[in-house]
Amino acid sequence: MEFKVSLGPQHPALHEAVSLRMTLEGEIIRDADLKLGYSHRGIEKLAEERTFTQNIYLTERICGICSHSHTTCFVQGVEQLMELIPARRGLYIRTLIAELERVHSHLLWLGVAGQEAGFESFFMYTWRDREVVMDILDWITGNRVHYAMNTFGGVRRDIDELQKKKILDSLDLLTKRTEYYLKIGANEPTFVGRLAGVGKLSREDAIALCAVGPTLRASGVPMDVRKDDPYAVYNEIPFEVCTADSCDVLGRAVVRVKELIQSYKMIEFLLKNLPDGPFKVKAPRKVKPNEVYSRYEAPRGENVHYIKSNGSDKPERLKVRAPTLANYTATIKMLKNGFIADIPLIFAAIDPCICCAERLVQLDNPRSGESKVLSFSQLRTMANDHYKKVNLLKKEAVWPF
Amino acid sequence: MNSEAIFEKINGEIKDKILEAAIAAPRRISVKVERGQLLAVLAYLKDQLQFTHLATISGVDLGENFEVIYHLSNDTTTILLRILTPRAEPKIPSVCQVIPGAILYERELQDMFGLLVENIPDPRRLLLCDDWPQGQYPLRKDWKFNRPAEIIPGGK
Amino acid sequence: MAILKPILYILVYPGLIFLMVYSTFCEWFDRKLYARMQNRIGPLHTGRSGILQPVADIIKLFAKEDIVPEKADKHMFSALPVFALAIICTTALYLPLWHYSEAPSFISFPGDLIVVAYLLTLPTLIYFLAGWHSNNYFSAIGGVRVLTMLFGYEIPLLLALLSPAVLADSWRILEIARFFQDKPLLMLVNLIGFFIAVIALQAKLERVPFDIPHAETEIVGGQLTEYSGKKLAFFRLLGDIEMVVGAGLIAAVFMGGFPGGLLPGLAWFILKTLFIIFLLAAMRAATSRIRIDQMINFSWRWLAPLAVLQLFIVIIIKGMVS
Amino acid sequence: MIERLVHWSRVKSPWVLHLNAGGGCNGCDIEILAALMPRFDLERFGVLLKATPRHADVMICTGAVTLQNRDRVLRVYEQVPEPKFVVAAGACAMAGCVYRGAYHSLFGIDQVIPVNAYVPGCPFRPTALMDAVVKLLNSVK
Amino acid sequence: MNNKIVPFLPELLRHLFKKPATVKYPFEKEAVPEGFRGNVVCDAAKCIGCMICVNDCPAEAIDIIRVSETEKKFKMILHNDRCIHCAQCVDSCPTKAYHMDAEYETAAFSRHDLKIEYK
């Protein structure tokens, strides 16, 4: 009894489209395959036709959740090509926005994880508290999502004393709320039970499949571009690389929550040590022929831009590798031999972006109406039997805080 | 092991397999190799120097040739491992047997540049839409896109 | 004149008109509570404080295009919603709201508790059929899930309803209510049964944490994916009325009914059902959806044994009292 | 009388379907979700987010249409029962934003399906979306 | 044990009696922060036709058209349906012909309404 199921690309509630096609045998996913291209627009070709300045805004719109990640990655690459040393205050502000973005992104993820478990109130509360970060970003940068802060040589806006104070005040609130959510997570037995042991990705597999970000760190590999290849001012800020050894969805949640707390500390440090001076320096329009490889630790993992210039004001080649793409191969691995009931959580765990996929389940090439429905219900009962067996194991899993 | 030490090692131990190596920038080493030596060098870097993480594979259209760059990282350094492949016969070997995570990037190269990846485990199209015409490779420099006219509803 | 009363009973109070009005009010109450618990406002601009929101929803659905999918079984697809609504309205008539006759009649007779419990399972079966006949994968999965859940909560619900009946020594809702009106303290004996019944009602209404059959993140609209327009409106009404009837039944059986004739009876009815709806809303807000196997597990491991325990307690107490 | 009632109900109970046409950055999608959260709470106006096109009245579309997605957008549009309204939210859905001239995307939603209202912004603020919904509903005849 | 079953309940009940976090918009206008990037407003009198803004705009949102052969006079057309409110034009223009207002309620029913001409 083998048949194909495809998830996506329709997604009634949010985000863009990816389609996952699986071959099922009973309730077990024997083979999985991702179909991309629903969101492919052709940015890399477009970038070759745009000037460097225009490309800042183009790269910003590669993605709406970590818009600052892509611009920073691009801008610091081009600064190297220009042999430009950016203003120090500018770098501090750049890093500050980057950490604020990480906070907003991880909080968003927390809410989505709750939603995947059908915990709507939890979703509502995390998103309400996320508005605090959004307000700060709105206030500093002039927009809630696309901050447009980066420019060659620094940032475009300064931060004043009043803003500093407001951010510090908000941090207290956020820290308190994060701890509260931790408590909820730790005390909600069904929640922990549904996360632990799901979506296993061993250390070896994670490395071999070139996973990045929390997905990789949750498999016990302490890779973090901020430490390995420091950019901006990360070599001046104290912070720890957060890892977990459980290699499952629970581990990925733990890594993210730990990173939230690290980020609060980093934001505080950055604000208290903000250097005086100009926040940007003037940049040339044309760039000498050269090439650069720029790395950045986005909330979801390593983000990579390869930029080649040819002496004009447009890049010769811009190659972008967004973190989610790097995790797809690992996701397929996690899904294989897994159970169909866990798909939403496994997807949510690499990134909230594509978990929308599970909103449309559709059976491909059915033989007759009757048999396919039957097989699906059988499949589900089998999955249930499986869960009865593993239930015991999961009960022992505890939130490691 | 820092970048300099890695550079020394590459220059010392596999000098015969590479064409040239250079420290291009802090923590960046650029290594050029022949197409045929790619797998051997990759395996050496991975096994001896822990370059396990393949961030991505970039293709660049140089006119006569395509340059294919493998971006490999370990915890201190990134190596830009590059090969050339002639436009007339754009073939590269698949590296999936050394680094399984390369599959998506190789499929992307096939879509975008029309490179033929030999022994690729999964040759299907990755990004372009289902009815994309055969033989059109958008990231080649000689491929130009003609914009369709934009219709604004409600007339002029 | 004698015929007028039953007609009024069926059409006006507590029949069709009252049910429709009151059930939409209850939906508003539930949505508003839910929103407030989430630190939101909820419906606000439709009527005063949004009180007409559910009415607007339903009128709008009636006025919308009504698509019958090509693949669906046309007759079943169209007849089911009406059927379900008729059944649930009939069930409502058995609530002892306003009784003009002491003698058994068609709306109150010995054993009507069993009839009501039986009638209440019918809408669930219709949900299943609706899903099945839509001929859509989600609908079918939703339908099957409905049925699976039915086996989970139905037994505990029946057992829970049994215990007050045993205590009152009657199968007639009216008499059970009377019994507790006379001895209000004995209501406390049934506390466990009460909560079991409320939880089972939540499952019957398919609300969080038991909204497994139409879990939007998993199977889109579940058994109702293909329904639109009028038919969807019927199903929405069905859900609302089911909530009122279920709450009314629990109030009648566990909380001493609605004494005092027409007006005080109405007041009691509203008070008690709203209290139960409050419990339901709080449960919806405080929990996350569980998987279907967890639901079945939960009902067999906790609900059913507890219901049996409740029954034992009742029997013992009964022995002591009499 | 009946007509006025129907009209009133339509204005008061817009159920929305959120459709991402693919060629956007998902900033707008997040803002739509934010508009439903406690801070902005679109449910005040009777808005409910629906998962299936069959239950929806208003389609809120984000992102420029990618070639791969064109047919899907049309199909979803056809599944929404009449009367239906389409809101193109964000610069992408209106005119293609920074992706104008990209080989794998069209200019905006209105190249594929008719659009009733446009919400400028990249992304729009949740309040701007609210403003658009209110304006659209007030204009319904 | 009780706390273990529904740890969230106390928080929910507390909020039942709290003011909702919801803003009153659209009955009270939302105050945008200072420096919010709203719509671009042009001052055609200042424009000298250097075309820097047209070249820097990432979204092809600006057209500058010379209106007179003899004088240096220009018509500026802003396509608000394409503009991404990045404020690059404000930064780029050497004569400060642009500024941004705090307007965000600009929803329209036709794209033609979003095309604004400044003379």
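When the chains are written out, they are named A, B, C, D and E in that same order, and each has its own residue count from 1.
As a working rule, a residue touches a chain if its C-beta (ideal position, glycine included) is under 8 Å from a C-beta of that chain, and two chains touch if they have at least 3 such contacts.
The shown structure was predicted, so the numbers you read here are calculated from the model rather than taken from an experiment.
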Chain-touch separation of chain C and chain E, in steps, is 1
Of the other chains, whose C-alpha centre is the longest way from the centre of chain A?
C
If you average the Cα atoms per chain, which one ends up farthest from chain D?
B
Return the chain pair with more inter-chain C-beta contacts, choosing between B-D and D-E.
D-E
Whole-Å gap separating chain B and chain E, where each centre is the average of the chain's CA atoms
40
Chain A and chain E have mean C-alpha positions lying a whole-number Å distance apart equal to 27
Chain A and chain C have mean C-alpha positions lying a whole-number Å distance apart equal to 43
Counting in whole Å, what is the centre-to-centre distance of chain A and chain B, each centre being its mean C-alpha position?
24
Overlap residues in chain B, where contacts from two or more other chains coincide:
127-129, 138, 145, 152-153
Shared-contact residues (touching 2 or more other chains) in chain E
8, 12, 20-22, 32, 58-59, 84-86, 110-111
Which chain A residues reach two or more other chains?
12-13, 37, 40, 42, 45, 54, 57-58, 61, 121-122, 124-125, 128, 131, 146, 188, 359
So the complete set of touching chain pairs is A-B, A-C, A-D, A-E, B-D, B-E, C-D, C-E, D-E
Note which residues of chain E are touching chain D in the complex, please.
20-23, 25-26, 30, 32, 39, 58-60, 79-86, 104-111, 114
For a test of understanding, state which residues of chain C touch chain D in their complex under the given definition.
31, 35, 38-46, 50, 52-53, 55-60, 63-67, 138, 216, 220-221, 224-229, 232
The chain E residues in contact with chain B across the complex are 110-112
In the complex with chain E, residue positions of chain A that touch it:
50-51, 53-58, 61, 121-122, 125, 128, 131, 135, 138-139, 142-143, 146, 148, 151, 156-157, 183-184, 187-189
If you look only at chain D, which of its residues touch chain C in the complex?
5-6, 8-10, 12-13, 15, 37-38, 41, 43-46, 50-52, 54-55, 57, 79, 81-83
